[in-house]
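Shared chain: chain A. Partners: chain B in the first complex, chain C in the second.
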Partner chain A sequence: MAIDTAALADGARPVLREIPHTVSPGLWTLAWRRLRADKVAMVALAIVVAFIVMMILSGLGLIAADWQREVGVNYAPPSFVGPDEAATPVTQAVTPQAAAPAGPAYQSKVVDPIGDVIASLKAGKVPGGPLPPETTEEKSVDPLADVMSEIRADKSVEAKAEHRVRLATLPLGGDKWGRDVLKKTIKGSETSIFVGIASAVLATFIGTLLGALAGYYGGKVDDFLNWFYSVFSSMPPLLLILAVAAVLQHKGIVTIVLILGLTGWTGVFRLLRAEYLKHKAREYVQAADAIGASNARRMFIHIFPNASHVVLVQLSILVVGFIKAEVILSFLGFGVPVDVVSWGSMLNEAQNELILGKWWQLVAAGTAMAVLVTAFSIFTDSLRDALDPRLKGRTGA
Partner chain B sequence: MGAYILRRLWQMIPTMLGVVLLVFFLFNWVGGDPAYVLAGKISNQEQIDNIRRQLGIDQPYYVQLGIFVKQILTANFGASWSTNEKVSHILLTRLGPSLTVLVPLLILSTLISIALALAVAYVRGSLTDRLVMIVCTIGLSVSILVYIIVFQYVFAYKLGWFPVQGWGDGFWHNLAVYASLPILISLVVSIAPDLRLYRTFMLDEINQDYVRTGRAKGVSENRIMWVHVLRNASIPIITNLMSSLPGLLLGSFLIERFFSIPGIGREVILAVERSDFPVIKAITVYVAFATILTNLLADLTYKAVDPRVQLK
Partner chain C sequence: MGDIQSGGNRSADTMTGDPLVRVRNLQVSFRLDRHTSFEAVKGISFDIPQNTTVALVGESGSGKSVTSLAMLGLLPPENSIIARTSEIVYGGSNLVTMPIGELRKLRGADISMIFQEPMTSLNPVFSVGWQLEEVLRLHMGMKGRAARQRAIALLGEVGIPEPERRIDAYPSQLSGGQQQRVMIAMAIACEPKLLIADEPTTALDVTIQKQILDLISDLQKRRQMSVLFITHDLAVVGEIADHVIVMRNGEIREQGPAKAIFEAPQDAYTKALLQCRPRLDRRPMRLPVIDDFIKGTGPQHTEERPRGIRAGDPIVLEVKNLGKSFWSREGLFGKREFKAVKDVSFRLPKGKTLGLVGESGSGKTTVGLTLMRLHEATAGEAIFEGHDLLSMPAKEFMHYKRRIQIIFQNPYASLNPRFTIGQILVEPMHIHGIGANAQQRTDMAFELLARVGLPEVSFYKYPHEFSGGQRQRIAIARCLTMKPDILICDESVSALDVSVQAQVLNLLQDLQDEFGMSYIFISHDLAVVKYISDQVMVMSEGEIVEIADSDDIYRNPKMPYTQRLLASIPKGWHGQAAPAR
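Entry: the complex of A and B
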């Protein structure tokens, strides 16, 4: 339109020069423009990007790498609440006596080769809990002595570093062992977001591939894949996830990504199959056939870009769902192993802490997740509206 | 109609077979040898062989599959590996407590979300509408775990209005005493997504011509919303309700676990924790079958509510 008015004003020649610039904007350019105009969506996107940057920095070890260090007193309250006067003194030196009241049993030993290791273990270095007091005699026949010396080799430097002042308050409080809840939340976001994104990518990949095959080839392939889809979708997702979790005894981030990815592809399959059914009869695909494009080329070079907006929206929806699922699985203990922190395992610890009145870990993990999921959901809705304006207003908020 | 139902039932068989194959594949092939789990840490080869013979897993796969199909058809999965209770007995006794929570929850959440959805759809675009939707979006983003932990702490532990957890005898006693807080929490969690969804269903209808016609001939606003709009919007609502039924049975597994309600959901978690394969296998297969059947039921209700729907 702008060109037309320019043409009217300036005559024919400028129009000829303008023509090369009138390439109509593509789907993505248009969608990005609509998204840019949506202020709420941009704020949501900024929050999501901030979380992902945090995840990457944490993954590279640049922030929160020392989340396991016990920097504060046990259950150190958040700074804005102030130190807990009723409990331990404000500056508590973590010497073996202070950390382990049952110390005298080995304090009397003149040379205790692994005393500092035990001290650090008693101070709570092992997530399983403080070791019961032992005598050196027992240790001399301790079947775990080799392991102990290995631990010592690893931890001796750190164990010495523990002999310093512990903080009475931490920015967002401390947990049972005095670990910084802020750092745990950041480290936990690394796990939860990584699992959410990785399993969503896996599920989207499987769903897209199978959906493309079913929709494009039709016939027997379609019948078989449709049967496969109906089998998977006839089980409630959580039941399927739990059944697979029961079978895969090995715990780990890869396992949970596999569980979520292998069970969550059905929605993508259904939509992508419909897209491929619709597109395979279109002229541009026939044209591609005419110039000799192979089936794979037609499927993934020609049709896929036209269905990619569906894929992107589904990916975004799945990330939100899988972050929630990971939190629940880790909470139940079917998710990440105990030495990995995730928002789910934080909520699990927080459940018992709340009864003691220590609410900060619950609030930190719960809020971090709620903020990310809210931002991600709002962004997903806006993304869908931007990519397919006909749907605008269908999902509110 | 009869022919349609028969054909649909016939078409279900491949899907059901697929479910059986998938569960068999998971538990008999991926799951590895359960004899080592059962025999415990200190075991000798003789014990393991005995257990393998007892479970029939020394047989070739096709014989094992035959055993599994027979178990499903006769509803005889043998005994639980951890408690030695009969699996069929576990399923039957756990169904009652689950339903005691689920049925009132389903009725209340459907009624409340439909009423709220009608209300916010009526004032669509207003500040109230937008506020309710924002609250829903944020409410949906908070983990269900946080709701349960906080509500249990505040209402049961601090205020003492409800028992912290437990389950008694007698339906009415359970419903009044033990089930009320779980139902309340589930309501808070389930209304937000339902309200959002039902609101879009209502909005689809509220702009239709028949609404304008109704207004033009002087039908009261209440009647338009509650009779005309609701009736038309009820078609997708019913489909949505029906398809969510089997999931609901498990959906409350967190609630059941937190409040120690001896229901199906808690049983699944316990079984997964204890690697109690017969229990998980039985629940997975039967819930999947129930889902397949409710899908048919949803289609039939669809037809009953909307005569225009052609059943193919």
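Entry: the complex of A and C
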């Protein structure tokens, strides 16, 4: 907004003389007006905002905080499909740990991998009753029997078995462990959108800074940065991502943000370099030089606001790209760790489920991503149109 | 061919017979957004007779170009509306209602057009011969050898030297004047009945302008065609037009034979246009501005202003042997030197104006930018208060930076579009620590706005809300914030309309009288330089050709180059060119 440049230009200068005036619309205001007249863009923006609100609410733990709770039967079908006829009984014993919303380390790493074993044990052998005693046949057949017995011992000591009703259907179905796919999708948006936005901001920042330096100074600085850019852009991006992922052993959201941010700045760099090359020769920049503005002032206070629409559009394009990239990374197993859900990891799980005909996790994660990415892309296009400087002056006085 | 049109009988026999084009009640409006539209042409009527040159004169926003585009059906269909009642009758049919296919057949064949910018109107990837032959192929059905022969003949006709060789040249290998000649050759290739020339000489140097004007009027005679000549400059029109139409804000203010318009203008606006432009033979204290005529008060302060420098004038800036070279890379390691400014020396007296004239590429702008250190000089020195500005370290130069300021040519490009006028004016004071606090700086900005004649509300507005002349005032106010000793005006009024030009020149003169600033006034417009300068320096190819008091140089030019330059100035109507006193 106009206020930003005002603050930049003269450090929060107060309006010292009050004369009657109407606030002149700055270029951002004009762009916003044009954007608001565009109905499609507004719908797209509403969808994007809804997703972001959802992500924030989930991040604050207000919704979908208990996504790990196994509320339904295994592979509970979506409500609109109806319960599975061949399904197992609906009442099962659930241990308090499993029911607890938190404690992911224990639960996911130790319990979950064999969750279905337990579930089938519980389901098949003693519906509604306490856990059965260990049998000798079981030990000889089941390689996991030892672990099982430990768990059983644990539970028998400290936990009293709790009975709860497992639902036969869930709004958007359940996954392998009966977790609610709707909640998983919501929780997954947190990871996907956060990764998308954070890495896009990082990439745009790097690209803008280097592009500004290269375009503004030219000469040796430009040569070096161009060489650097060429090295980066000469490698296939996915390969580069995988290479960085392999080097950064630690898995986590921060790692993905770094990977995407450090590899994705090249497009922004190229565009911003061109913008700066163009603007530094403009007369208003020469005029700024003539009045004694320093290099940094010319670069960031004079030129940057004039190139900022390019930055904004690039940022928006990158968010879309990085949401998709995160999904691909997680799908390939280079993404988020197993105790975190993202749309990519949901798709990864869905891969195996699909063979069993359990399609709903795939559809949920896929639809969520498709809707967000489409809305964001449409919004980006309209944003670019609204910011197009060719329309400048048409609405001017 | 310079004096073909100088005969006195040129407009005598042209108004008879059926007109070639009859425009009746032409109304064009543009949709701005869903609810508002802007009426660019408000129901005008005029004729273009056979075998004449009609000049359509008006300032920016007068609707003159819109009129010509409407005649060719070239207005953007998505946001332009031509009223149903409008008629543009050519050869018995109405061009407004004609289907686009038929109109396309007329375009280029019967009616053709040349544009302002020859550089952007030619396709850079095809040779000029190819582009000429394409026109012949499309409209005349000529092919191969015949087309090539015809193209060579056409290039010869428009005065391109060695047409057999030049036909294979690419546009970038030709000069601006030659490119415009090629455009004219393409326009006349199909023997049009009507040639529309939209500001065909505005982008060209004065000597080239003269040649192109001569060529157009010569072709008009020889081909027996009509020319619709669109321009903002009445002086240009005086030499070639038979019939003049003056437009303002989408309306025709006055039309008639050139003689009547120039010798006995009826409309106040026409009078103003004729008077506002500085003339070579007179130098009033203040130039008349349009308001003087619209309000009917007549020109004020018409007494002559004395110009010239005396030996005892104190010198503020002394430039010695200034040189500036640019190097272009050649091959892997080679560099080629291009000397833009060679060995330029001059002295600038306090409170006086040095005019710097030359054609494009003469190095006049480079001199200005080098003195500001916007380009680093490669040789020479510029002594200001006993210090050499060019060799001092950049840090030390910061103290002097505010003392020398520059106003650029293009008022649309020299103000940062993202800053309000307040920010633009306060910034230099902030950088140089002028004024004790923000309050004082703001007060000073308001004072300066009033001084350059802008309302106080401007402080809160953005540059795009102002017209060209107003923006140039803002640029001037920005320089004044630093109270400079020297102001370099780099083509500062060249992009402005004639009436606005007069206002800005008056403002510059008032400010010089008030603050005693020295000006270096760079321009290709000899009349303007003559008006504002005490001393004139003529440059060509980076060198000083001649330097003398402005009255001397215009009355009595010594060097052949200066003489040629002065001879090329459009004289306006012949009756006017003679001294009025």
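Here are some notes:
Heads up, the rule we're going with is that the second predicted complex is superposed on the first by the 289 of 397 C-alpha atoms of A that agree within 3 Å, B and C clash if a C-alpha of one lies under 4 Å from a C-alpha of the other, contacts with A are read in each partner's own complex, and residues count from 1 in each chain.
Simple rule for what comes next: a contact is a pair of C-beta atoms (placed from the backbone, for glycine too) under 8 Å apart; a residue touches a chain by one contact, two chains touch by 3 or more.
What you are looking at is a predicted structure, and each value in this text was computed from that prediction instead of being measured.
Between chain B and chain C, B contacts the larger number of chain A residues. Residue contacts after overlaying the shared chain place A:283 against chain C, while chain B stays out of touching range.
Legend: residue contacts after superposition of the two complexes on their common chain; A:62 is shown touching neither chain B nor chain C. Look at A:356: by the touch rule set out above, it reaches neither chain B nor chain C.
When the two complexes are overlaid on their common chain A, residue A:27 makes contact with chain C while staying clear of chain B. Shared-chain residue A:244: touches chain B; no touch with chain C. When the shared chain is aligned, chain B comes close enough to touch A:347, but chain C does not. Of the two partner chains, chain B is the only one that A:231 touches; chain C does not reach it. In the superposition on chain A, the residues of chain A contacted by chain B and by chain C overlap at 393-397.
Those residues of chain C that touch chain A in the complex are listed here as 32-33, 369, 372, 374, 398, 401-402, 405-406, 408-410, 413-420, 423, 426-428, 430-432, 438-439, 442-443, 446, 456-457, 459-462, 464-466, 475, 478, 482.
Against chain C, the residues of chain A that register as touching in their complex are 2, 5-6, 9-10, 13-14, 16-17, 19-21, 23-27, 282-284, 286-293, 297, 302, 305-306, 392-397. Contact residues on chain B toward chain A in their complex (touch as defined above): 14-15, 18-19, 21-23, 26-27, 30-32, 129-130, 133-134, 136-138, 140-146, 149-150, 153, 157, 196, 199-200, 203, 246-247, 249-251, 253-254, 257, 268-269, 271-273, 275, 277, 280, 283-284, 287-288, 291-292, 295.
By the touch rule above, chain A contacts chain B in their complex via residues 227-228, 230-232, 234-240, 242-249, 324, 327-328, 331-334, 343-344, 347, 350-351, 354-355, 362, 366, 369-374, 377-378, 393-397.
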